[in-house]
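In the two complexes below, chain A is the common chain; its partner is chain B in one and chain C in the other.
Entry: the complex of A and B
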C-alpha cells in the first residue's frame, strides 16, 4: 500500500505543472490516458521493470538542470543527407527552422493543430498502441506522454516517400521538460524513413506510435547524444501487419540517463522487425535499452542487435524479451546483446528473456560481456597500428553488427563518422 | 478431457494422441505403504514448532533458532515472481510432522527397522543393506558402493555404512542425530549459507524441518564411497521439510546423491527443503539430484509442490562445487541451486535437465555469485516441455567488482514437444568489471524432424526416437551425473516423455 501511495504522490507532483488539453478527438484520448495513468502512478526503482535503472530523475517534479552543450565544430547529424526538416526546440515546434511540411507520398501535420478537429485518421492510432503496450508491464511514462504531450507530428505515408523526414530536437533551456508524442501510419505498400537527432530538452519524455499496414516499410534512424547532461525516456510502440517491415536503429553517445523502450507486435504473417542499437558511454552515463517483441503471426522474423561500449564507470543495461504466442509457428527470433567494457569500473547489466508458447520456432539469444581481446590488439600492433588506433578499430568492429542494420549506406556512414569522432574525443 | 481437444498436426497419428491419453498419469512410484503413522496435530503454530523440536529431543538453542525463524515467517509473504500458477496454499491444512509408529523407539540399527519400511525402499530399488559387502563378498566389477540415509516422511530411518565411514572420519547421519551428537558443527554452520530470513520457503523450513542428512568430511579426506539420501513422502496431507547440511573441510571430496518419490494422491502436497553446502579450501562437493516426486495426473490433479532452496558456499580458495539435477517430477518446481564463489579461484558448475509434461510447471535455474578473483562458473541447462506444461529457466550470473578475471559460460536450451506447452528463459546478467568474461547463449527449438526421421528410418518407433533425440539433447548434463544416476536418469528421460509425441 505504501508503495502504491508513493507512486501516486510522485505522479501528482510530476504532472502538477501540466494541464490536460480538452476538446477535439485528442481531448477524449487524453482524458482516457489520464485515467489509466492515475491507476498506475509513477515507476519506482523497486519495480522489476526498473531493476537496473533508477527512474527517479525521470519522475521528479522538475527536470534536473542540464547545462547547455556546445558541439563545437562537429557537423550536425545527417548534414549531407537530403531530408525534410522538422525542428522542435525544448519540445516546441520551431517553424523558422523547419521546412514546408509538404512532401509527395505523405501527409505531415502537427499534433497540436490536428488534435482540435473532430475527425482525424490518427484517432484510431493515438494512444492505442501505447495502451496495448501496457501489458504485461506498465509503462506509465508513455501514458503520461499520451495525456500531456504538448506537440508531435502525425505522419501518414501513402506511397513511397521521396526523402527522409528528419525530426530535429534542440535543447536551449537548462530546465526544459519536453513531452512529445508522434504517430506514424504507413499504409499498404508505402515506404517511409524517419530520422531523429538531438537532445530535445533537459528532460525528454517521448512516444512514437507506428502502425505498418500490409507490405509497408518503416525505417527509423535515431542519433541520441552527445549532450552529456540531458535525460530521456523514449518509447516506440509498433504494430505490424502481414509482410510489413519495421527497422529501427539508435546510436547513443553520452547522456546522463537514457531509457529507450521499444515494443513491437507482429500481428500479421511474414512480417519482420529489426531493432538495433550502438551506444558509447564515458563516465557518468547510464543507458538502458528495454525491448519487448511479441510474435502473434506465423513466419515472422525479429532481430535485436545491441552493442554497448562503456568506460570510466558508464553503465549499460539491456532488457530484451521475445514473446511467441501460441500459434505463431515458424517464428524466427534472434537477439544479441554485447558489452565491451574498456575499464574495470564500467558495468553491463542484462536480462535477455524468451517466453515461448509455440513449438515450431527458432529462437535464440546471446549475451556477452568482456574486455577488448588482447590477442587481436597485439596482432594489430604487431602490424604497426598504434595502440589507440588499434583500440578504436576494435571498438568499431565490435559495433559493426548493429550498424549493419541501417538500410541506407549514406546514413550508416554518417553514424560511423559520429562514432569515430567520439572515440577520438574520448581517447583518455 | 482436455487431451481430446488437442489439435492433430499434420503427420501426427491419431493413434499417438490416444497413446498419450493412455500413458498420461503413468508414474512408477505412485503406490503407498500402508503403515500406522503418528501425526502431529494439523496446522502450524508455535506449539507445533516446539513439538517437532521435542520429538527430535533437541537442545534449547535449536528450539530458539526454530522459533525465531517461525516468528519471521509469520511476517513474510509468499513470493509470486516465478512463472508458476497454483491455488493459494493453506498452510494450516497440512501436517508438519508424520512418523511411522514403529519408529517411536528409535531403532539402534537398520536391522531393527520395521520390515514394512525396509520393503518400501527395496521396492523403490534403494539398497539399505550392507551385509553382502560386510561379509566380505566381492562386489561385482564396476559396482560402486553407496551409503544411504533413508528419510521417510518426517524421520530418518537409518544410515548405512556408518561404521566404515566413521573409520575414515566421515560423519554421515540424520540431521536430528547430528544436532544431538555434533552440536558444535551444527551451531557453527546451520543457517550460515541459507540464513533463516532467506526467503519465505526457507524460513518456513527453518522453523519446521523435521529431519534430513548431515555430512562432515574431515580435512584431506576423500569420502570412501558415494553418499546418498532417499526421500520418500508417504503420509497424506503431510508436508516434508528436510534440511541437509554438508561440510567439506579443507582438501576433502565427496559425491552426494539425492533421490525422491511420493505416492499418487489427488491433493497437492508440500515439500520445502533447504540444502546448505559449505566448501572450504581445495575441497570439492559433487551434488546430484534425481527429483521424481509425484507430478500429478494429466489434468494437473495432485502432485507435489516442490519449493526448494539449495545453496553452496565456496568459502575457501580453489573450492569447487558441482550441482547436477534431473527434474522430472513435481506439479510445481521452484528451485535454484546456487553457488557463492567467495574463495579465490573457486568454481561452480550447474547442470540441469528439467522435464515438464502434462500440467507440470517448473521454474528452475541457478545463481552464480562471483565474489572472489579468478572464479569460474558454468551453467548448462536443458528444459523440455511437453503436453500443456510450462518450463522456465531463471538464473543470475553476478560478477562483483572485486571478482577480477572471472569467467562464466551459460548455455540454456529449451525443447518444445507439442504446441500447447511453453518454454521460457529469464536470465539476469550483472557484470561489474572488465577483466571477466561472461557468455550467455540460449536457444529454443522443436525436436529436429531430420533426426527423428533418421531414427525412424532405422526402425525405431516414434517414442523411442524422441527419447533418443532428447537424450542426445541432454547429453552434456547426463554425462555430469555419477554412473548409477546417469543410467537411471536416462531411463527417466524416456519415461517422462512417453506419450508426449505430437
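Entry: the complex of A and C
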C-alpha cells in the first residue's frame, strides 16, 4: 500500500508541470493514457524491471541539471548522408533548422499540429502499441509520453522513401525536460530509414511506435548524444506483419543515464526483427538496454546483438527477453550481450531470458563479460602496432558484430568513425 | 645482426629459471637453426626476444644491429626489424586480415619516419605476395586467423613476414602441424625472402624442416643454454641419434 502511494505521489509530482492537451483525436488518446498512468504510478527501484537501474532521476519532479556540451570537435552525425532533417531543440520543433517536410513516398506531420484534427491515420497507432507493450511488465514512462508528449512526428511511408528521415535532437538548456512521441507506419511493401541523433535535453522521455505492414521495411539508426550529464528514457514499440523487416541500431557514447526499451511483436509470419546496440562509457555512465521480443507468427527471426565497452566505473545493463508463443513454430531467436571491461571498476549486469511455448523453435542466448585478450594484443604489437592503436582495434573488433547490423555502409562508417574518435578521446 | 650475450630469464610469476646464460650471434644474411628437446627454452627465447609479458630478464643483453631489444616495447622491436612467426598464431575475431596487415605495415613505416603505403599500393603488393603463398582473396578478407586451418595460419605468418620485410626473422616451430606439402609451401616462402641483409633463426624439433630451409649454422639447446654448435650435419646427427648423448656430453 505504501509502495502504491509512493508511486502515485511521485507521478503527481512528475507531471505537475505538464498539462494535458485536450481536443481532437489526440485529446482522447491522451485522456486514456492519463487514466492508465494513474493506475500505474511512476516506476521505483523496487520494481523488478528497474532492479539494475535506479529510475529516480527519471521520475523526480524536475530534470536534474545537465551541463551543456560542445561536441564541435567532430562533425555532426550523418553529416555526409543525404537526408531530410527535422530538428527539435530541448524537445521544441525548430523550423529554421528543419527541412520542408515533403518527401516522395511518405507523409510527415508534426504531432502538435496533426493531433488537433478529428480523424487521422495515427489514431489507430498512437498509444496503442505503447499500451500493448504494458504487459507483462508496466512501462509507465512510456505511458507518460503518450499522455504528455509536447511534439513528435507522424510518419506514414507508402512507398520506397528516397532518403532517410533524420531526427536531430539538440540540447541547449541545462534544465530542459523533453517529452516526445513519434508514430511511424510503414505500409505494405514500403521502405523507410529513420536516423536519430543528439542528446535532446537535460532529460528526455521518448516513445517511438512503429507499425510495419506486410512486406514493409523499417530501418533505424540512432546516435545518442555525447553530453556527459544528460539522462534519457526511450522506448520503441514495434509490431510486424508477415514478411516485414524491422532493424534498429543504437550507438551510445557518454550520458549519465540511458534506458532504452525496445518491445517488438512479430505478429505475422516470416517477419524479421534485428535490434542491436553499441555503447561506450567512461566514468559516470549508466546504460541499460531492456528488450522484449514476442514471437507470435511462424518462421520469424529475431536477433539481439548488444555490446558495451566500459571503463572507470561505468555500468552497463542488459535485460533481454524472447517470448515464443504457442504456435510460433520455426522461430529463430538469437540473443547476445557482451561487455568489454577495460578495468576492474566497471560493471556489467545481464539478465537474458527465454520463455518458449512452442516445440519446434531455435533460440540461443549468450552473455559474456571480459577484458581485452592479452594474447591478441601482443600479437598486434609484435607486428608493430602501438599499444593504444592495438587496443582501439580490439575494441572496434569487439563492437563489430553490433555495427554489422547497420544496413547502410556509409552510415556504418559514420558510426565507426564516432567510436574511433571516442576511443582516442578516452585513451587514459 | 643479432647478438645475444649471457641471457638469463626467469618466469615473472614464479622462481623458475628458463634461460641460463644463453649466447648466440647471427650474422647478416645467415640462417641459424635451434634444435633441442622439449622444455629446453627454445620458445621462451623467441618470446623474450619479441617482448612478450610474463618473463623477467635477470641478466644479459640481446642486440639487433647494435640496438638493445630488451629495452624496447614489442612494437618498437617490430619497427626495428624483428619478426616472430608464432608457433600458435592468434585468432583475432572482428579484425580483418587486410586491415591488420595494412595497420601493421603503416605503423612500422610511421615509427621509422617513412611514408605510409596508400590503399591502392598496398592492395597490389598484398595480392602479389599472397598469390605466391597460395593465399586466396577470401582468406585476406576474413578476420585474422579465424577459421584458418593449421597450414593457412602458418602461411599467413609468412605472408606477414613478406609484407613487413623484417631484417631478423624468428620462426618458432613453423613446421608444427603442417603436412609435407604445406611445409614445402611455407619453406618456399621463407627461402624467397632469404637475402644478404636478412637473417633467420629457425626453431624446430625436427630435422625435416631443415631439408627445405637449409641452415648455415645449427645450435643444440638444452636446459636454457646452447650446448653445441655445428653445421647442417649436426641436425642429421640429432635426427639419427636423438638428443640424449649430446645432453649427457654437455653435462
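Heads up, the rule we're going with is that the second predicted complex is superposed on the first by the 428 of 428 C-alpha atoms of A that agree within 3 Å, B and C clash if a C-alpha of one lies under 4 Å from a C-alpha of the other, contacts with A are read in each partner's own complex, and residues count from 1 in each chain.
As a convention for this text, a contact is a pair of C-beta atoms (placed from the backbone, for glycine too) under 8 Å apart; a residue touches a chain by one contact, two chains touch by 3 or more.
These numbers were taken from a predicted model, which means no experiment stands behind them.
Student: Is the arrangement of chain B and chain C around the shared chain A a clash or a fit after superposition?
Tutor: These partners fit in the superposed model.
Student: Scan A:359 for contacts with chain B and chain C and give back first, second, both or neither.
Tutor: first
Student: In the overlay, work out which of chain B or chain C sits against more residues of chain A.
Tutor: B
Student: On the overlay, how many Å separate the closest CA atoms of chain B and chain C?
Tutor: Distance of closest C-alpha approach: 15 Å.
Student: Same chain A residues contacting chain B and chain C, which ones?
Tutor: Common to the two interfaces on chain A: nothing.
Student: Flag every residue of chain B that touches chain A in the complex, lowest number first.
Tutor: Those in contact with chain A are residues 81, 401, 404, 414, 416-446.
Student: State the interface residues of chain A toward chain C in the complex, per the touch definition above.
Tutor: It is residues 373-376, 378-387, 389-390, 393-394, 396-401 of chain A that touch chain C.
Student: For a test of understanding, state which residues of chain C touch chain A in their complex under the given definition.
Tutor: For chain C paired with chain A, touching residues are 50-53, 73-75, 77-79, 83-84, 86, 89-95, 99-100, 103-105, 107-108, 111, 143-144, 160, 164.
Student: If we count contacts the way the header does, which residues on chain A are in touch with chain B in the complex?
Tutor: It comes out as residues 48, 326-327, 329, 339, 341-371.
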